[in-house]
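Below: a set of structures, written as structure tokens.
There are two complexes below, and they share subunit A, which is joined by subunit B in the first and by subunit C in the second.
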Partner chain A sequence: MNLYSYILRRLLYVIPVLLGVCFLIFIIFNVVAPDPAYLLLGRHATIEQIATLHRELGIDRPFWEQYLAVVKTAFTFDFGYSWSSKQQIWEMIKAGAGPSLSITVPLFVITNTIAISIALLVSFYRGKFIDKAVLLISIAMMSISSLAYILFGQYFFAYKLGLFEISGYEPGFPHFIPYVILPIILYVAISWGPDTRFYRSVILDEVYQDYVRTARAKGVGELSIMFKHVLKNAMIPILTYVIIQIPFLILGLLLAEAFFSIPGLGGITIKAINTSDFPVIKAMTILSAVGFIIFGVITDVLYTVVDPRMRLK
Partner chain B sequence: MKMRNILLVMTMVITTLLTGCAKKQDASERVLNIVSPAEIKGFDPIMADDLYSGREIGKIYEGLLAYHWLKVPYELVPNLAEAMPEVSKDGITYTFKLRKGVVFQDDAAFPNGKGREVEASDFVYSIKRLADSKSQANGWWILDGKLKGLNEWRDKNEKLPVTNYAEEVEGLRAVDKYTLEFKLAKPFPQFLYALAMGFTSVVSKEVVEKYGKEFINHPVGTGPYILPKFDQGKRITYTKNPTFREKFYPSDASPELKGLLGDAGKRLPLVDKIVVHVMVESQPAWLKFNKGELDYYSIPKDNFASAIKNNTLAPDLSAKGINLIIAPQLDLTYTGFNFDNKLFHNVKLRRAMALAFDEAKSNELFYNNTSFSAQGPVPPGIAGNIKDYKNPYKGPNLEAAKKMLAEAGYPDGKGLPEILYDIPDSTTSRQSGEFFQKQMEQIGIKIKISASPWPEFQAKLKKRGGQMFGLAWGADYPDAENFLQLFYGPNSSPGSNSTNYNNPEFNKQFEAAVMMQDSPARTAAYEKLNKFLAEEVVVIFNMHRQAYTLQQGWLKNYHNSDLSHDSYQYLDLDTAKKEEMLKKF
Partner chain C sequence: MTTATETMNLTVPKKQKASKSLWQHAFSTIVKDKLACTALIVVAIYFFIALMTFLGIIANDWGATVGPSYAEPSADYIFGTDIFGRSVFLKMIKGAETAVAIGLVTSAISLVIGTTLGALAGYFGGLIDELVVWFYTTFSSIPFIMLLVAIAFIMGKGTSTVFISLGVTSWVGLCRIVRGEVMKHKDREYSQAASALGAGHLRKIFKHILPNISHVLIINFSLTFESAIKAEVILSYLGLGVQGRPSWGTMIDDSKLELARGVWWQLGAATLAMFIIVLAFNILGDALRDALDPKLKGK
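Here is the complex of A and B:
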């Protein structure tokens, strides 16, 4: 199939997926989420004020009308204003994306580089001491909760040793750098274990393939086998794993943003959930769903690049 | 280069990079660093109904009156008003003269960006905006039914597509450029407190109209600090308002605050900049305070045991020059009965439950033994609280509780149905709910806990659902009326009386008391009502909490004042002392 028609066809899948996402968030908001009026109007709210606010927010309209409004938002990307902060949601996203990405992008690059490198190394020495040691350390580090890393990191590295800022954020490059180093280091420590184990198992799947044995029999060097043959053939699961992380980078890290007072999109989403700020919840969910689909298509296209045997259907 | 040398160089580079990651504090800057433990809703005065948003509003906006910074108990003083108002003999008409030459902060909404002078008509506009149903103001309750013609204006305009601000209201009039007149619907001496609350701060019509919905993020007031735009971030930086009027640090104080007169007569505000760090998690804020990066901080629950030993400050904190300030809060925590449920009309049942409750244990478990036992609704520090009064129905007295329960018709709880106890869904509320459950179990009363998210919990109370519930009330203003009204029949849910207690005798006495001007007779009337509610056990009165705040040794003029939301202009830093003291951190 032609690449462009494949992309077009996959992108058309966005329509049913978005309709489903709209239905889900609509149901969750109307069934599970608490009434936002009580939060917005405070402890002295009267029944009349609550009714007026319901009218203004449109949550007294028939369900089908409300659902259509959600669908309209999903397809026009006109997210409107936040119910609680009264800011334009696009402005909130623009303001929050920078701080979130200033942590998640370096974290993504560093963690994946470290994890793939270690996975290659331990696969090379599979079964040896270094392989077992890495496996043991990664399992031990995975068993500790991320909150424990944050609390320890803030107390020991930032407070006791004074190496980093305890918390806070200043927008703009390079002002944000002192504030993001500690969360990045801590999250690399949190994430390298599971990533390394995944990449190791993917690479080990390849290491035992016939073509590797053939290459060895032909006298190809081990380094060349690992980088030129094994890594290249392991690229499909690696690509899937790596690229699918990208749309979620923008959503930030919920816990890190709360503990390090970083004004990112993770915090904005949590605040929206806590205040039943439906327009913001809607915007973040729709954007994640669209991002997920788009990067899914990108992954598929990249498969054909890394493995010419693959065909788009 | 050998491997060892490469490693050495790498270690040096990493160490240099890392040590450069923590910024050094510049102690010479007059910057006040404080924490907001909750997100800030925004900067629209009519919406700021929570403590933290109210504190931010107070840096930018001002009203006619304020609380004297150095007087306890609270005392109202003129702020944008030139003097306290002239009040007519019948207590109905309040006439204010405005301070001349007060200007709004510069903003693009004004011609040439220069803030114009505040006039009486600006107050008329601001208060109508509070009343306008289209504004959805959280603070409307403070004037609901209080000013002649204002409710009628609100109702009439609710039906119109655009609110008619030009239409006159009898009770709210700009007599001339600098004279403002209020006419009350009936005498209500607490009205003056409303004029010291953030809700009634003056805003400019031009600014409101220019920013529309986003006015909440574009604060433009007359106050000591400016904030060009609020971006809902985690760091709010205020700078001195260059057009702030001449205002000076007070020269008189109550005896207990005389020590804070060092800056008497100095022009306000005292610090150049205020940085508010929005930190919802207490652990990083606690570490930041301990590092000298915050100027004061309330001790978090989890750090209390390490910071306070035998009600005094831990030696490691004292060694850094940190001071402990303990201040009672004007609040009440209570366990309420829903009087819509006939079961609770039995006063002996209510008394039995109150007698079974181990309040001292509750204080130890949930408040680190820092709270006062509440004998009735009115907290200490307000006229109406009865010093040394002991409520005869305070627990734990299991024997008396069992006896009372039998007299109520339920010996050992027999015949009494299981009682539903509603709480907001949080760890502490759950723990405290389970504690209450166990306490009642001791006399044979079965309690079933129902936890719901805060809005649902609130909705249940507003809809008069449920049987019992746990709640707290913080004072809006320093008057016993603000606590007694919690049990006034006409205020029943969806009003602030969540218990739906409606006793004609109490209602009558309450109505008479709140009309009285501040006087010994009014205090006596309040005390009588306080005692009446205490012995009726309208709720199980639990605690009046205290704030435990730590203050850095270099911070000047600080004291705990819940209701003064404009306090920051009085605070100052001793920069030389800070530089010296930071060496110990």
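Here is the complex of A and C:
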């Protein structure tokens, strides 16, 4: 199979998955969800008011029409209006993307650089003390709740020691920096453990392959084996892992943004959950799913460019 | 004639020492590993504490006021008291019951869904396989945390919400692995032998193939268990957590308002309790994988 027909096939497979995701979202929000009339109109609503509201929200229409409406939003991103702020949701997303990215992009770069470097280092010294120590530390750091990191970090470093801003945000390039440093440090600490462990196991999978033994038998140096042979082959899983993180950069950090009052998408989502703002939660769910699907396709296509064997599967 | 047969019988070599089975090998590996042994003991202690509180033998009076509001940790109050003057230590102990319950129920739900779907897809292949693969691809396309939040949010507050929302969101990984393993095993000799003896599909799946891939289920169990305990904290923070009894998640969540007053002991106690069991499960999961994964055998 050549590359183009593979890409086409992969794109066609997106359709049933996207329809499935929309169906799941439709089941959760349109079928199982309680009637929003009580939520929006309060307990003293008249029957006419409820009927008008149902018509406005489109939930008096038959289920198949409601389902099609969900599918439509997955393509048009026309999510309608927020119930609590009455703003257009797409505008909220556009406004929130910047602050979210100002945290997640540096975080993404720093975490992955640190994790991959450390993973390479410890797999070079595999089985030695440093390897075991790093593994144990990363497991230990993974075992603490992310909420505990945020609570403790904000209390201790920002409130007690006053090293960082406790909360708040200012838009514009140099202005936002003091506000995002602490969340970034905390999330590097949170995600460093699982990332390092993953990269280490991926690299170790390659270290025991036959081609490494062959290279060693030829007299290739250990450093050159690590970078020229092992890292190149380990690139496939590493690439997948890195690329699939990209759509979530826009969505921001669910917990940290709320705690540090950063007006990003993570904070918007938390606020929507607290105020029972169905359309916003629905929009965020659709947005993240669509992002995940698109980047899934990109990874698969990159896979086949890197490793032509994949196309046969 | 008879003596000849007897001498022949005598020359038959003595019964050889049986080679170790997968489980024997795994057991001996884990017993040798001190860290894994400690982790196993820690997990056992937590389960024991949870059972004791469940039976009402210890920490039954966690709701009782034992001292002033927000008393600092001291000899009288090991981990201090909370806003209502309740002992944080007893709440932490009682929280173990909640955590173990969440871990067990979540793992059980994900085990049932994941194993059933995975086994059916792997065994029958064809259209069923396509359907199951489509289903879990769809499920995993919505990020875990968003799906969890959406389901929990729609179901409303309550303990059953925590169980169900965590259970139905954590079966995909297991399903994928079981499908792959069943595919590998369904044409093995023992499986063909079972068919030759007249075993039906279900008997083959449940009596023959699943016991042979049970190590996958056990490794996955420890993974689901600890991630459920961690996810409960996030649900608690969103106000969708366990109601009416203490959990580590609600304790951590409560402390967000207490920290500004310098009340750190609730956060500390819950984080510590959670840290120890999650760490133990992580170490145990790694040890089990090393011990049970045939690919790593002898490395």
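As a convention for this text, the second predicted complex is superposed on the first by the 272 of 313 C-alpha atoms of A that agree within 3 Å, B and C clash if a C-alpha of one lies under 4 Å from a C-alpha of the other, contacts with A are read in each partner's own complex, and residues count from 1 in each chain.
One rule holds for everything that comes next: a contact is a pair of C-beta atoms (placed from the backbone, for glycine too) under 8 Å apart; a residue touches a chain by one contact, two chains touch by 3 or more.
Just so it is clear, the structure is predicted and the values come from calculations on it, not from any experiment.
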Item to complete: Using the superposition on chain A described above, determine whether A:17 touches subunit B (first), subunit C (second), both, or neither.
Response: second
Worksheet item: Given the touch rule stated above, what does A:41 touch, subunit B (first), subunit C (second), both, or neither?
Response: first
Item to complete: Please work out whether A:61 is in contact with subunit B alone, subunit C alone, both, or neither, and reply first, second, both or neither.
Response: neither
Practice prompt. Quick one: classify A:151 as touching subunit B (first), subunit C (second), both or neither.
Written response: both
Fill in: Touched partner set for A:159, first subunit B, second subunit C, both or neither
both
Worksheet item: Does subunit B (first) or subunit C (second) touch A:261, or do both, or does neither?
Response: first
Worksheet item: Touching A:126, do we find subunit B (first), subunit C (second), both, or neither?
Response: neither
Worksheet, complete the sentence: Contacts of subunit A common to subunit B and subunit C in the A-superposed view 34, 151, 154-155, 159, 259, 276
Response to the item:
Within the complex, subunit A is touched by subunit B residues 18-23, 39, 41-42, 49-50, 133, 136, 138-141, 144, 158, 213-217, 231-235, 277-281, 283-285, 287-288, 290-291, 293, 452-456, 458-459, 462, 494-496
Worksheet item: Which of the residues in subunit C end up touching subunit A in this complex?
Response: 134-135, 137-139, 141-143, 145-147, 149-151, 153-156, 226, 230, 233-234, 237-240, 248, 252-253, 255-256, 259-260, 264, 267, 270-271, 274-275, 278-279, 282-283, 286, 299
Practice prompt. Would you tell me which residues of subunit A are touching subunit C in their complex?
Written response: 16-17, 20-21, 23-25, 28-29, 32-34, 139-140, 142-148, 151-152, 154-155, 159, 208, 248, 251, 254-255, 259, 269-270, 273-274, 276, 281-282, 284-285, 288-289, 292-293, 296
Practice prompt. Could you pull out which subunit A residues touch subunit B in their complex?
Written response: 34-47, 49-50, 52-53, 56, 81, 84-88, 92, 95, 151, 154-155, 158-159, 162-171, 177-178, 181-182, 258-263, 267-268, 271, 276
